[in-house]
Amino acid sequence: MKYITTIESQEFEVEVIDERHIRIGERLIEVDFEAVSGQPVFSLIVDGRSYESFVYPGDEDWEVLLHGRQYQVKVEDEREKRLRAAAGGGVAETGEFHLKAPMPGLVVATPVSEGQEVKKGQVILILESMKMQNELKAPRDGVVGRVRVKAGESVEQKQRLLSLH
Amino acid sequence: MFKKVLVANRGEIAVRIIRACRELGMETVAVFSEADRNALHVRYADEAYLLGPAPSRESYLRADKIFEVARKSGADAIHPGYGFLAEREDFAEKCAEAGIKFIGPKASSIAAMGDKAEARATVIKAGVPVVPGTEDVGNMTNEQLLAKAPLIGFPLLIKATAGGGGKGMREVKSLEEMPALLQSARREAESSFGDGNVYLEKLVEGARHIEFQILADSHGNVVHLGERECSIQRRHQKLLEEAPSPFLSEELRQKMGSVAVKAAQAVDYVNAGTIEFLVDKDENYYFLEMNTRLQVEHPVTEMATGIDIVAEQIRIARGRQLSYAQEQIRFNGHAIECRVNAEDPFNGFMPSTGRITHSLLPTGPGVRVDTGVYPGFEITPFYDPMIAKLIVWGETRAQAILRMRRALEEYRIVGVRTNIPFHQTLMDSHRFMGGQFDTRFVEERFTMNDSAERDATSAEIAAILATLVAHQESERSAHIVRRGERDTSNWKWVGRWERMHR
Amino acid sequence: MFKKVLVANRGEIAVRIIRACRELGMETVAVFSEADRNALHVRYADEAYLLGPAPSRESYLRADKIFEVARKSGADAIHPGYGFLAEREDFAEKCAEAGIKFIGPKASSIAAMGDKAEARATVIKAGVPVVPGTEDVGNMTNEQLLAKAPLIGFPLLIKATAGGGGKGMREVKSLEEMPALLQSARREAESSFGDGNVYLEKLVEGARHIEFQILADSHGNVVHLGERECSIQRRHQKLLEEAPSPFLSEELRQKMGSVAVKAAQAVDYVNAGTIEFLVDKDENYYFLEMNTRLQVEHPVTEMATGIDIVAEQIRIARGRQLSYAQEQIRFNGHAIECRVNAEDPFNGFMPSTGRITHSLLPTGPGVRVDTGVYPGFEITPFYDPMIAKLIVWGETRAQAILRMRRALEEYRIVGVRTNIPFHQTLMDSHRFMGGQFDTRFVEERFTMNDSAERDATSAEIAAILATLVAHQESERSAHIVRRGERDTSNWKWVGRWERMHR
Amino acid sequence: MKYITTIESQEFEVEVIDERHIRIGERLIEVDFEAVSGQPVFSLIVDGRSYESFVYPGDEDWEVLLHGRQYQVKVEDEREKRLRAAAGGGVAETGEFHLKAPMPGLVVATPVSEGQEVKKGQVILILESMKMQNELKAPRDGVVGRVRVKAGESVEQKQRLLSLH
């Protein structure tokens, strides 16, 4: 199976040949790859070098944590890549954004209201969790849609809090 | 002379205190909230009693229930740990009334130092320099504080009168933004300490946060165990501490140490406490506050002096003389502590909750881990995000840094995100290695994941790892579909399901 | 000056050495057998290479393959750990020929001390007292040994010439049982060291096993780091070690220390080594053997002296002078090590294999764990049953015992049986606490599970626990049957099964 | 549900009333009982005392490891107890005994042969595992039946090695 794997702007063509071999670009590489204790922790030996890493599924990408650094990695097979190219590339920057609770907690304040224009980075909600006040910020400029929660309310993780369009 | 100690706390510090009691042959009583039935302090104590629901106000802050447990269990001493009831003079007072030994200072010392405004006034009288601020007034209204602020000058800090640990603290750059910040500081102070009072203090720029550990017995002996460097902070929360400070000369250490002893004596202090100072780049030092309790970061002092501070606290509370005179206290090597928080350093240090599914502790020579969590334990949103402290000792600061690096690389916690990568990045920072930092370093001159520092090989390895995991995932889901198609009888699966649940 | 170290070992000692290398900024190369792909030393090293199938003879004892890995990886030094190739002079020699630094003594010293018979002859010449035995002859046949035995007198010990760690050792009470014991000793020696030669030694009764740690550099400096008490043994396997020995007076320590230094000098020794003595109740001491390598129990000396022995080994191998002169070495407090073996102490210490499903390490002040295992790792029957070493330090022996007790009680390893309960029973033993024991103590005057010592409450609690678990089990199986009956469609189960495996 | 629970010769009548209550003898006791991390490790709080224990199923009994001591505990419900009493009590001491390998390993020697009389405690097989020679002993007097393995053979855990009758 052939994959196009992207980190930031760097593309790698990776072909998984069998359990022990991959081809990256032109190079055939022997890999010794094992999940550790059934966890999202992986041990990889390549050319005698021993690496260990967390690999988590992100929303669209994979998050790879290696030696204290995090890499956002997109892995697409050739078919996916072609489809995306045909679609014109790039996810629309203008679609609706739903702010979800990153963890369970207590809503402390909702400093914005429906219809209000906000700038990227502006605080749109304050959530208390683990005795800390966490300021949730707008990921881009936009207009506040429905505000679904109010101060004093307890929310579950991933609960929708408000939307931005 | 007490024999049974109630530990009025949770998490790593409750475990730490239970261990000390056990090693001194004393019985221990744990208390717990509904969220903590399976917590380590409950498992390790001789006795354990439920306090109430998960929120602290309904459990760990319920002094009445804690006294009820003390009566029921026959505990004749209480160790409050840090946070919760540790710096509440009324709690210490009620202990005395109930004939229960409070393992900490007298209520009057907590009062004198716990009210930060009063503390400043007290030490000024003893000739200790302080940061300019609202020294002479407690419980000011917002209006009064807003009037006073321009006299102190901006930037300034709003600080919780009952505070500590950076909670209820806000930095103010101008008068306009001050009302909103006052409100949020009071809210946080109220929820953390049950007391919404705040005061103001001038922000000393380019400062280091350096504190001295004090031990004082009930026979009038007071010693200091040297300093801790605590300038690595984020949002006024300490993240890393070390002993000794790479900034302090031996002369300054001696001078500040004796000032710290003087400050403790000014409130007739008994038991363990900490005098916090700000030190500017010209070696001027200012008293900040005294924490009248055990500190989170006490282990770095333990590793650098060989003195078990919690055991000393208990001995002092039992009326013993200090085990050490000032000249017997030796400083040996260098210790560093990294606070491991359930926070995602790649996502604005957002707290992370969930069940820990796996964990691998760094061990070996010179490494200590103080923790209250284990695989299977659930990190809830109710308490502090600090889940472990990783402490190392080395003969020199350089050796301690190298050891911390290898320990951080070994440490695995799966199930919640942690700030371990933050500490790894910090250990690689040339400024940190060179000792060139102040309390603003993390916020102003430090970045996670500087792409310039990534090497090409690591990126390629990350690409290979992600591809192999993605490939495995897609193979597995394809396999499940194929299995489903092939199977004519699905009874086989029922059998497997049931065998697994037997 | 080497930069990359190949660690020719596995398990906790490979991890220990990799940590030391990393802390000195050196690169590390691990080697592993097919059974050890997921072992901790493979995960922690910078590089890792497969040697061969699980049995040691086909992997960790394959010097040829190890040299191949050294060439391939560019490793310019080899640390052999203990066991396997650590005391094979030919291996040390081949390292020298290949231009690879062997982190250990010269081949000639290994030869002189490794052949136990030659070692005895050598130290006798240097004026060191030895236990009577077959000192002057190596490689004797069974016939020769049987002829010599009555001259030494019974009881006596058969010991492996290439031996150590009690392997290939047998106690002989009479001439009649000797032929069978010779055969089994040779078999065990052959399988452990690849050398079936044995020799005889008089059994000193009521003796203590006390050994001195030696460090020697290539500039002629030799120091000792004090003694270790290793009398707690079972079938000649050490189970617990402590430093200092509760038996030794300061005068005897000085005397034996300088004899130990003399013994090391007699073979022109360089690097770390250990001189083992037997000491009888009248304080007579006899040289037993020298172990020309790092010992399992080196951490107790590290905790009591503050010296990192593995780091010193590496510095010595790099040609540096010792970091300490004899008078700079300070002994502080007391350290104890418990060897945690995968053995069931309630079932004749039978080895236990299986996958570790869960583990909780004791941590906190003064506690160190050296281990090579973790949850998810499989304990196989191919290697030594020692899976961890638990080491504690205390200001006094009594404090160390109390700390060890709490650490043992905290330690959880699930999936294999361990001898932790043995150590717990030992810590409660009055004879152990009083320091009244010799090398026969465990076998002759110690019992597990003495029912007289059980209290009524614990028995009742055990009864409640077993009943509740049994009840839960029977409820659960009843529930599964009921669920099976109720379900008209079993497709639901298939869905659950598949979700679980996604 | 009522159980008769026996440790050595001591009998406990234990009634499990509901998840939080048991009766032992005449005493009603509140119990707070939890499995730790899904492992055979159990936390029990009774009258405020906190206990933690390993509880393993043995061949017939439960093995409880508490504070470094092991208890062999037999748990029977009333029906089982009556059945056993009716059967005359006590397991026959004379039935056939099958020696099974306690762990995987290599058979080093089989010092007994078919038809040979052996005494309790006599070594009947030597098994090498973890570099140790483990001597397996006869649990009672008897006559050796079939010896199913020979020296040099590798055996799996629980494999039958020989029988005694």
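Per-chain residue numbering starts at 1, and chain names A, B, C and D are given in the order in which the chains are listed.
One rule holds for everything that comes next: contacts are C-beta pairs under 8 Å (C-beta built on N, C-alpha and C of every residue); 3 or more make two chains touch, one makes a residue touch a chain.
Quick caveat: nothing in here was measured; it's all calculated off a predicted structure.
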More contacts between chains, A-B or B-D: A-B
Remotest chain, subunit B as reference, centres from CA atoms: D
Inter-chain centre distance, subunit B versus subunit D - centres from mean C-alpha coordinates, in Å: 47
Cα-centroid distance, subunit A relative to subunit B, in whole angstrom: 30
Centroid distance [mean C-alpha coordinates] between subunit C and subunit B, Å: 38
Length of the line joining the C-alpha centres of subunit A and subunit D, rounded to whole Å: 51
Residues of subunit D whose C-beta touches two or more other chains: 37, 39
For subunit C, residues contacting two or more additional chains: 358, 374-376
Touching residues (chain side subunit D, partner subunit B) in the complex: 32, 34, 36-39, 43, 45, 48-50, 52
For the subunit C and subunit D complex, residues of the former touching the latter: 167, 184, 187-188, 191-192, 342, 346-348, 350-353, 357-358, 381-385, 408-409, 412, 414, 420-421, 424-425, 428, 448-449, 451, 453-454, 458-471, 473-474
Subunit A-facing residues of subunit C, complex: 29-30, 37-38, 42-43, 45-50, 72-73, 374-377
Of subunit A, residues touching subunit B in the complex: 1, 3, 5, 7-8, 10, 12, 14, 16, 22, 24, 29, 31, 33, 37, 39-42, 44, 46, 51, 53-55, 57, 62-71, 73, 75, 77, 102-105, 108, 126, 128-134, 157
In the complex with subunit B, residue positions of subunit C that touch it: 15-16, 19-20, 22-25, 44, 299, 302, 306, 308, 332, 358, 360-361, 363-371, 374-376, 394, 399, 402-403, 405-406, 410, 476-477, 480, 484, 490-491, 493-494, 496-498, 500-502
